[in-house]
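Two complexes, one shared chain (subunit A), two partners (subunit B, subunit C).
Then we have the complex of A and B:
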């Protein structure tokens, strides 16, 4: 499932160091081998898209400590922005992706401006409620969104990449293009986390009062992080719109918000690799158990509860902890 | 758009009050649990749905609505007691998000379990024969069952208010919402009080589910949108405020029903506009006082 992690832990720290330093590159490597280790390609694309979505969510929950239950609005909003740009305005694919990202950011700015006005405990409830209102809005605005039937015909056949024509209907070519875009997004995410802003984000999570006393604007940091998170979620949604050629109303559903929460916690909130691990594990759970039973959600929910109760750091979080302990015992 | 006659307006007010009554019961339980345990209960909608399904099962066996109304809160109260004891209480002291995440996972499991047992499709739920039909008041006809829902909710809320204000256990609840540490020092088993409060909140949600079943039928997903809407009520009323839950619940119910007369397509959206307005003007909610049962 996670080749990089397994070998890094097994061979100890000499290999681990550079991976931690070039974490975006490491995820790209992971992405590059992914289509050959998953049962079929669509699953790899799914992991790619949901991994990016979860990484964006993780920026807000894992690094800033704000739990959003409305990320469906940002993901679905990005998907619809991209779809509407391509279907209704006939814009090219890259404009669709850019508008999807901007759409996610615009919606998170709107929701965030209201949700960050209250104490943290309200945040989950308010984001969930506003995401639901966007669902109803998309449901009603049939002329733009296709309403209940979803937005169909987000067809991109050919992609001109620096005068290099790519056949977008070919799943492999499509996967590589998406992998490259997700890789770029992860580089940006890694850069944000390494920047002074990244340090402030974690300072706010660790001790809000102290961060404020140090002169940082806590409310502005929260809003900015939410908007950045919305950008990643919006891009992931736009990629999904291109992958599936449609945008269904379910992308805005409560379940989509819940899904990204589950993936992130399963993989390990507050770690760079965790969201991708979570997305991969969740996709595999879904894939394997839906062969046996239509009620795989029961199992997913139960596994999630076990993680909340007994393994709150998630899979990657415990791998990290374990390898750190190994290092500590080796050096002593 | 239908012409807004006084008769239609009166009827729509009753419809709004009946819907609001369901919101009141849900928000009351949410607020009670949050005020005491600082747990945002994401399984509240699932408990509401389970209450309706217990009623559906009991009605199938006995055909007696009153027995449903008595059984569902007891069954769900016991479930709530067990959930707090074995699932939620290990998470205290580990950050406010963990109980929320756990109850979210629980709701996922409960909804899917109901789908397995009762099937994916919903069922209609007949209102009791004694409450079918309508009644004439001042020349207008009102559906009897909706009047009953409003009256039943009024009775439940009054009983809960008397319980919280005038009994010894109510005193302990109010003290616990203010300062659980002192309560513990005074020799009261706070863990037990919390379990009972969680069970009480769950039982009230079940009651709401039974009352709502004849209005909308029972489906496994009936709790999802109700959970979100009762969050809106709690945000509007102020988290942890019982009085706020009652007034905001009725307000939200009325806003939905009156908007659906004027502009039906905006009915679902209107309450979010209300919430946005409250957040802009009074972020702590209309009656919000941090962490107190007021």
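Then we have the complex of A and C:
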């Protein structure tokens, strides 16, 4: 068992093993302490949402090895699906979340049907092009999406949770509800990584030709992974729609696609915990630096570059590597 | 060739298969039969087209012309992942494993490919009945059991070659294609590998590509010689040894 997600990757960790075995629980614990360590609560919610988004992206990039530059389409698509369900159809909040998740999956099925025949730069470009088309579509379809003003009025006031009424306008109650939902999503993600499909995903990343020779359909594996990844991204988008009571057109912007790539790399691609670490660090950088200077993005960019140059495996990836080496030297 | 008589003894047949790369013909009109439960070796100098021919047999490449028939079924152009399910498995001349996965997981994943739940995304993989045990057996057979928890990348070269075979065997293949399994091995490792192959040939139909002629003469039932993409000779090792053309084009080049 290990945090790279592969029970099969043969590495002898002792220190990390308990965390690794209960990786979803460990992340939930992290989520639980988050609101107390962040300067204010909205930041914690932000980390929660982007952490889930990045975890979904990581399934595709870190575990399967496909770099998508169009994940905004899945995140924003989920946000709009949820928002439209609530604003235009008056559906309840849980239907909004379900439709957001399904929306993310449907869009990735559409994009994936074409894009998963390719890989590398071609895959990145096709996903980017699709995401840009969706941006344009949302921009034009004002009647549905509110166009450039965004979709307003995604208001949820009360939430009946197993007959327990919850005041959704109370940020603390909202945080716990969202934390619980993200926790469930992470359990599902952990289960996927542990499943037979999880083994295939790693096999395809490790050696595509070999996976094919074993009898796996590589294109189908890519498509399934992309759709699952889209589900997590879509749910994250839907949660954001509920959190902000509005869906802005920026959720579909390519900057959002870039953001999730950066968060994942910063935290450690291909590790279970990494995306959350990346989302947290990124949110903190933004929060702290934007107080100092309006040019905070310049600083964030510089920090990101330093990380890519000197910690290519990301923060969490580096910690894992370090503890692994320490144990190797101790046991030898 | 008399089909009726050969019918059951022949597992695989190629009929005038060719493969070109642009203007270059890597395999030219090769017509051949492979007998069930026998070890057939394909020899030939570097660049003779042996690997390309294997790629055609295993479905990794489509023939430009000709037909391939597995038992009475035309499998020309069938994609590789379907052929695996029909019982054709192969190892690669250049080691092709899942480097970061353990030896055990390499074989387990290959076994999983043949189960119905191969793409199941919900059940824990450890619950797929018997796969890990079967994988352990195959590692035992190929002498890698004590190394089962090591990542494939951390194995010695000879061990990796043996793991290749364990992975190929995972498909419970009716036809096992081995492309130069001894490539880059020490004489000691080579002897070990040859022993393993002879053992396998007792239970499987094995087609072995090798360019060192000496290695295969003692163990093969039939030998085929490829040269410049053409099948220039085919017969028992004894016949091949006596063949004038073979001596000239092949022995003359390689074993002086």
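Convention: the second predicted complex is superposed on the first by the 316 of 332 C-alpha atoms of A that agree within 3 Å, B and C clash if a C-alpha of one lies under 4 Å from a C-alpha of the other, contacts with A are read in each partner's own complex, and residues count from 1 in each chain.
Just so we're on the same page, contacts are C-beta pairs under 8 Å (C-beta built on N, C-alpha and C of every residue); 3 or more make two chains touch, one makes a residue touch a chain.
Predicted, not measured: the structure shown is a model, and the values here were computed from it.
Undergrad: Who does A:133 touch here: subunit B (first), subunit C (second), both, or neither?
TA: After superposing on A, A:133 lies in contact with subunit B but is clear of subunit C.
Undergrad: With both complexes overlaid on chain A, does A:125 touch subunit B (first), subunit C (second), both or neither?
TA: In the superposed model, A:125 contacts subunit B only, not subunit C.
Undergrad: Check whether A:312 is in contact with subunit B, with subunit C, with both or with neither, and answer first, second, both or neither.
TA: After superposition on chain A, A:312 lies in contact with subunit B alone.
Undergrad: I'd like to know which partner A:194 touches here: subunit B for first, subunit C for second, both or neither.
TA: Only subunit C is touched by A:194; subunit B is not.
Undergrad: Name the contact category of A:212: first (subunit B only), second (subunit C only), both, or neither.
TA: Second partner only, subunit C.
Undergrad: Output the subunit A positions appearing in both contact lists, the one against subunit B and the one against subunit C.
TA: none
Undergrad: Can you list the subunit A residues touching subunit C in their complex?
TA: Result: residues 6-11, 191-192, 194-200, 202-203, 206-207, 209-217, 220-221, 224, 228 of subunit A touch subunit C.
Undergrad: Which positions of subunit B touch subunit A when the two form their complex?
TA: Within the complex, subunit B contacts subunit A at residues 34, 38, 40, 87, 90-91, 94, 96-98, 100-102, 104-109, 111-113, 115-116, 224-225, 228, 231-232, 234-235, 239, 265-266, 268-269, 272, 275-276, 279-280, 283-284, 290.
Undergrad: Which of the residues in subunit A come into contact with subunit B in the complex?
TA: For this pair, the touching residues of subunit A are 67, 69, 114-115, 117-122, 124-126, 128-130, 132-133, 136-137, 140, 254, 258, 261-262, 265, 295, 297-298, 300-302, 304-305, 308-309, 312.
Undergrad: Which positions of subunit C touch subunit A when the two form their complex?
TA: 58, 60, 80-81, 84-85, 89-90, 92, 96-102, 104-105, 108-110, 112-115, 117-126, 128, 149-151, 154, 167, 170-171
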